[in-house]
Amino acid sequence: MTDISDGAVPSGELVLSLRGVSKNFGAVSALTDIDLDVHAGEVVALVGDNGAGKSTLVKILAGVHQPTSGTVTFRGAPVTLSNPSTALNLGIATVFQDLALCENLDVVANIFLGRELNPLKLDETAMEVKAWTLLNELSARIPSVRIPIASLSGGQRQTVAIARSLLLEPKLILLDEPTAALGVAQTAEVLNLIERVRDRGLGVVMISHNMEDVRAVADRIVVLRLGRNNGVFYPDASNQELVGAITGAADNSVSRRAGRRQAQSDITQEGQI
Amino acid sequence: MTDISDGAVPSGELVLSLRGVSKNFGAVSALTDIDLDVHAGEVVALVGDNGAGKSTLVKILAGVHQPTSGTVTFRGAPVTLSNPSTALNLGIATVFQDLALCENLDVVANIFLGRELNPLKLDETAMEVKAWTLLNELSARIPSVRIPIASLSGGQRQTVAIARSLLLEPKLILLDEPTAALGVAQTAEVLNLIERVRDRGLGVVMISHNMEDVRAVADRIVVLRLGRNNGVFYPDASNQELVGAITGAADNSVSRRAGRRQAQSDITQEGQI
Amino acid sequence: QSAKVTDATVAFLMPDQASTRYEQHDYPGFAAEMKKLCPGCKVIYQNADADASRQQQQFNSVISQGAKAIVLDPVDSTAAASLVKLAQSQGVKVIAYDRPIPSTPADFYVSFNNEGIGKAIADSLVQHLKSLKIEAGDGGLLQINGSPTDAAAGLIKKGIHTGLDTSGYPILAEYDTPEWAPPKAQQWASGQITRFGKKILGVVAANDGTGGGAIAAFKAAGVDPVPPVTGNDATIAALQLIVAGDQYNTISKPSEIVAAAAANVAVQLLSGETPKAETTLYDTPSQLFIPAVVTAENLKAEIIDKKIVTAAELCTGRYAEGCKKLGIN
Amino acid sequence: MTGTIKQAPPLLDRSDVRVKHETGIGGTVSAFFERVRSGDLGSLPVVVGLAIIWTVFASLNPIFLSSNNLVNLLFDASTVGVISLGIVCVLMVGEIDLSVGSISGFASALVGTLWVNQGWPVALAIVAAVAVGGLFGCLYALLFNRLGMPSFVSTLAGLLAVLGMQLYVLGSTGSINLPYGSPVVNFGQLLVMPHYVSYTLAAIPGIVMLVTGFRTIARRRAANLSAPSAGSIIVRAVAITLVLELIVFYLNQDRGIPWMFGLFVGLVMTMSYALTRTKWGRSMTAVGGNREAARRAGINVRRIYTSAFVLCSMLAAFGGVLAAARLASASQQAGTGDVNLNAIAAAVIGGTSLFGGRGSAYSALLGIVVIQSIANGLTLLDLSSSLRYMITGAVLAIAVIVDSLARQSRVSHGRA
Amino acid sequence: MTGTIKQAPPLLDRSDVRVKHETGIGGTVSAFFERVRSGDLGSLPVVVGLAIIWTVFASLNPIFLSSNNLVNLLFDASTVGVISLGIVCVLMVGEIDLSVGSISGFASALVGTLWVNQGWPVALAIVAAVAVGGLFGCLYALLFNRLGMPSFVSTLAGLLAVLGMQLYVLGSTGSINLPYGSPVVNFGQLLVMPHYVSYTLAAIPGIVMLVTGFRTIARRRAANLSAPSAGSIIVRAVAITLVLELIVFYLNQDRGIPWMFGLFVGLVMTMSYALTRTKWGRSMTAVGGNREAARRAGINVRRIYTSAFVLCSMLAAFGGVLAAARLASASQQAGTGDVNLNAIAAAVIGGTSLFGGRGSAYSALLGIVVIQSIANGLTLLDLSSSLRYMITGAVLAIAVIVDSLARQSRVSHGRA
């Protein structure tokens, strides 16, 4: 871990660069003046409180929302991501927080949606084999790939959404809380996966609320707070520092809870001793 | 923490007791022969792999699904939870994994849904005040409680769902991955909340994939695997033990990843030294 | 004289519900006459609800059921040509009823004359206005036609134009009533009342329903007295309006007469006889009944005395007084 | 925890720094323009569409805007409007009723038979007809709740079956005249409000707005919540009162406001209150938005569906009675033709979603006025049937295009 | 990772211990009964409903089941059936087209005018009519994609406008007879398949099932996936061939299978292939199920909507041409009345959802046969119109009750 934190600017090509990106929803300014860089072979973790604007940022990069102002540069050229297929064609693959799966289609159909093999005579067998391969790679436990998404558990759905994003040959992968609903084994596989993907020279943006996971795979940690940049950290930053930047106060519920538990366990231990 | 683990059977009244509960969805047996007890003033954590059947179990207790076989006893009397309002009337409040909010209603309306103040002339002011109070308790960051749920972030929605469940005076609270989408501060508040609720003598069932959170608040940890009981643990169980029970193998992706990382960091450190 | 039929199947296919006469008069009349002429014969009755393709289905169906003669009141007079062809290719006799089938001659045609009806109501109204010495001046008449998608309505419309075009009274405005719907007629008439006000000297409406709608519009606009409004079909509701002095005329269609004639023709055709034709229309041997225009003056003679409607049915409640004035008890 | 509360600014709902808030009268005005710019306009676009239609028709024939003609328009709008109000109920829960036309026709036939032919007291006949209407709603609800039969299918079956009953009831007579001069027919054709009544009624919305507005301000201030400024409430109340009184003044130049229209508007306002300010209305919206979430919240979903279906068919029956009064006749054609489509279209044009969970009682009012304006405007022009159909279609499209454009802009501003 | 694979059983898709799998012919049979028990029946319930209807009508009038009558039924079913097939397309994406009736009528009027009156070659006239139909679809798609106008409103406007055009085109003449004896009219009224052709065609589905079935088995085995047993495929293929040949045999007792019905079934099968086995069909289902998810998957959502609207209105136009051929006339009534409702109802009764994302081309076939059976059966009974309406409604409800009951049971077994 420490081997990366020393270099402030990673070596890979600058894949993505945002300057002054803002997004308003009516009277709400979800994002204000955001700057962000992602290099090839780099995992950037995007962290922040609930409603900090992380998903909004990802959706802008995925072409789902259009920014109110600001510029996006992708592999050196300024781009307008006017819809999701533009982003996909540029090589930006996204796992959305709300997953964006079609509940009425089965697992195979969802994984291959928009990228079906053999458009005029769908090759169901080949697609099914590929689907199982991807899912097994993620340690998924899915009873059948021929049942509609509607009857899958939360974690199973999330695995399907992640499997989707592996189908492309993207330049940049955006993962919005990819492990939120995953079991311990599946989480470990996804973290492995992120590392493999990074090693293949892709840029990765990962959003997570789990500081441990973030620290485990991120090369750089970008903090958003109330829609604004609130500092860049490296995996060796202390928990305290990170949580402070996220919540905007050194005295926050996390630190208070930690303090209280410490005190409590001291008392208990004293009592037991 | 260790003060509880020594007593295998907690002292409070037996709030809920399941015996031999099974649930089939067509050809899939989601749950087989599940036994579970929850006492007053006890937090039971329900853990298991994705698709293990945790949410199915919670839905049976919330009256959403009916079990294929088995009995449910609530506060000493056998009950049939034929629909959600039966469960709510018995005093079982639930936060569902899929949140089950009405996207077209605003935050206040969702929190009070089914329990509006002053049915013939809704008391919007009182409801709004109460909503803000509940949300502030959870450290929620919500721009306005008068916008439809559809425009909230994932974590904001989860906070709303949790706030909903606090409105009742329940005997038993079921929380299905309540912190999955929450930020660090909000997670800490929810854990605080669970402890407060337990101290008020309620029974709590919490599902989570985060072993740290589980260990922090649970009095007992019940493991499900492939729809069956797979052991009961106490918070002092080792991570290895728990993960082993969840994945069903000592050699699993979690342990492998841990091992690999350990080895890697050893090498790095050696190289650096 | 060839052998009289004793057990044939005869179909009676009517076009729609818009006029109640088909179910209330035509079919009962036909069935009664058939019973008299051929007690062993079976009569199949169908109504196409103004749907030409449904009528085709019904036509096919009665042939499947063994009908050897079909009395057909076509929804669409033009389209019915193919039905006639189909029947004749299978040796089934077709009697055009009520509405003619111009392009392909049926075996016989029995009817009131729709174009004649249109002309009759228009003429009757014009005469009435003239007898009241009402000058056209800058006033004129409203014309309310039937459904734009109904061929029979087209014939009535043509007849009305024949009657009005030479009358000296200009047509202020004209309207095709979708589905013959009275509320539509009312709405349109209301608009014309705001537009033309007192200039409206009378309304030629193609049937009693649309005429009733026009009367309602005048009443609602507070126009008193209501200018003369025509009708057609002699429904009880319309006769009552005539009794009350709100409607000027209607057409009495004692359809039982036509229906009985059709039954006679059917039995003759089935027996291999050639029915006697009074005239030929569209190359079809025809028997055309001239319907009577009914106004307050001849209502008793045309309706009550001919037992088309009983005094008890007509003179209910508030109409009793008006009846008395017309000498009906 | 105390920390969080300490940090919070004085007003509970103004703690988020990302939200722009406007205050005072100036704020209200600028917030309004901000909303217009971002396309969040409520029913304004349809009103604009309506204004365009009116301008065009008025320029083609000035009589269109004569108060006499507008009074006709209000009479005609009331009957289908009441039916459309029922449609709003079923659409709110994401269902449909295709049989409202038939039910309205059957109800008018029943009133005709029971009152005129059987000699029942007219009030009793009306109550009976509306109750019978309600029975059909019960039946649909039963089929829906117990058998899960889609309402599209059950009410399609109902459309046919009830039409059969209507024909059967009228069978022997064809159509039945409702006596001219009877109170019911007068109500449907002539009765208008005395001028002082209409002026008074037109003042009420403004007064209610003021009273509840000030009460809300007081309560919200007391509860430490932001409150609208007194000025903005006064401005709005005055504006609405002015507009309403002007309309009333104009219509009073001729006959005045029909009582029947007053009844319709009264029903719309009651329904609006029920949908927005009661637990029942909240439950309707919830069931229409997410049935399963509503069920999990403990709402008796079946009862909500039943109430929607029953209300819809009772209003349809009542609308049928009004239509009979308007025409002074109960005929076999009553309720056939485009009554169904017009009733549904009015609700949809007014902004109620076909897919449930979004709508308002006012959409029935607005939508039916649009539809009737087109019909009425065209009756004043001498057009062939074919042109009439084409123009109706085109004008309908235009009326909604404005709304669609506004919605587009709303979506692109993240307000959908 | 290798560990996971090592633990997995040989077949990729049989690794989950919680799922029961049936194999072989016995397995197929018992799986079928398990499905029946849990209510997962596909279109079986509607077929059962149909069987009930047929039994009742046959017992009331044996002529109902005469092959002559059934052949008539097939002729009649084909025209609205084709229109209904188009409706399936728009319903799949969660939209509606209320103007199919008008478009079919306009298309028949166009063919009449262009061919009979203007002397165009008949094929060209048909192509022109279908193309013009497609234009309306384009227009709806444009209004929907660019302005977000709900299809309910745009096609309602279309319903009126196109009806106006139909009246306009037929204006001077009212209706136009298509020449009796011309190939088109013969096709619509008389042409049936020679017996050997119908027997051959009826064998094809079974053969295709066998060939693709065995190919699939081979491919899946090779890919280490579970595969259906050869026995079960043979059983199914034989069963379907037997049923089809029996039907053909029965109908060949009289005239035989109409070519027009053959064309309709061919269209249904093509559409079914397109919806289930092509990328386009997958996209249609996805857009209907979750439009936003489909968009995020890079699907050109606008193009999908356009294809649905255009296909629907082209099929409507083509159905109108067939209806004109069937009637040998293009009239002002063509496409009015209940064509719209029947076409939509057929799709819904056959099991296509009004809310998008769920449906099949076969629902048009099944639904229209149900509707035509009711209509046809009732024409064989001597009934007054009022009774006929009531009974049609009731029978329609019964046909769907079976399906609804099955769905209920499916839901309670967690299969919804």
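Quick notes on this one:
The first chain written gets the first letter, and so on, giving A, B, C, D and E; residue counts start at 1 in each chain.
Following the convention adopted for this analysis, a contact is a pair of C-beta atoms (placed from the backbone, for glycine too) under 8 Å apart; a residue touches a chain by one contact, two chains touch by 3 or more.
Just so it is clear, the model here is predicted, and its values are computed rather than measured.
Shared contact partners of chain C and chain D comprise E. Looking at which positions face the partner, chain A and chain B present mostly the same ones, since more than half of the interface numbers are shared.
The centroid of the Cα atoms in chain A and the matching centroid in chain B are 24 Å apart.
As a whole-number value, the distance joining the C-alpha centres of chain B and chain E reads 46 Å. Mean C-alpha position of chain B lies 75 Å from that of chain C. If each chain is reduced to the centroid of its CA atoms, chain A and chain E end up 44 Å from each other.
Within chain B, contacts with two or more other chains are made by residues 25, 28, 139, 141-144, 151, 189, 192, 226, 252-253, 256. Residue numbers of chain D whose C-beta contacts span two or more other chains: 1, 4, 16, 18-19, 167, 171, 384-386, 414.
Of all residues in chain C, those that touch two or more other chains are 17, 23, 148.
The list of touching chain pairs reads A-B, A-D, A-E, B-D, B-E, C-D, C-E, D-E. Those residues of chain D lying in contact with chain B across their complex are 1, 4-5, 8, 12-13, 16, 18-19, 216, 219-220, 223-225, 277-280, 282-283, 285-286, 288-290, 292-300, 357-358, 414. Contact residues of chain A toward chain E in the complex are 62, 64, 83-85, 88-89, 94, 96, 100-105, 109, 113-116, 119-122, 125-126, 128-129, 132, 136-137, 139, 141-146, 150-151, 164, 189.
Those residues of chain B lying in contact with chain E across their complex are 23-30, 32, 65-66, 226-227, 249, 251-253, 256. Within the complex formed with chain E, the chain D residues making contact are 98, 143, 147-150, 152-154, 156-168, 171, 341, 344-345, 348-349, 354-355, 384-394, 396-397, 400-401, 404-405, 407-408, 411.
Chain E contributes residues 1, 3-4, 7, 16-21, 34, 38, 40, 412-415 to its touches with chain B in the complex.
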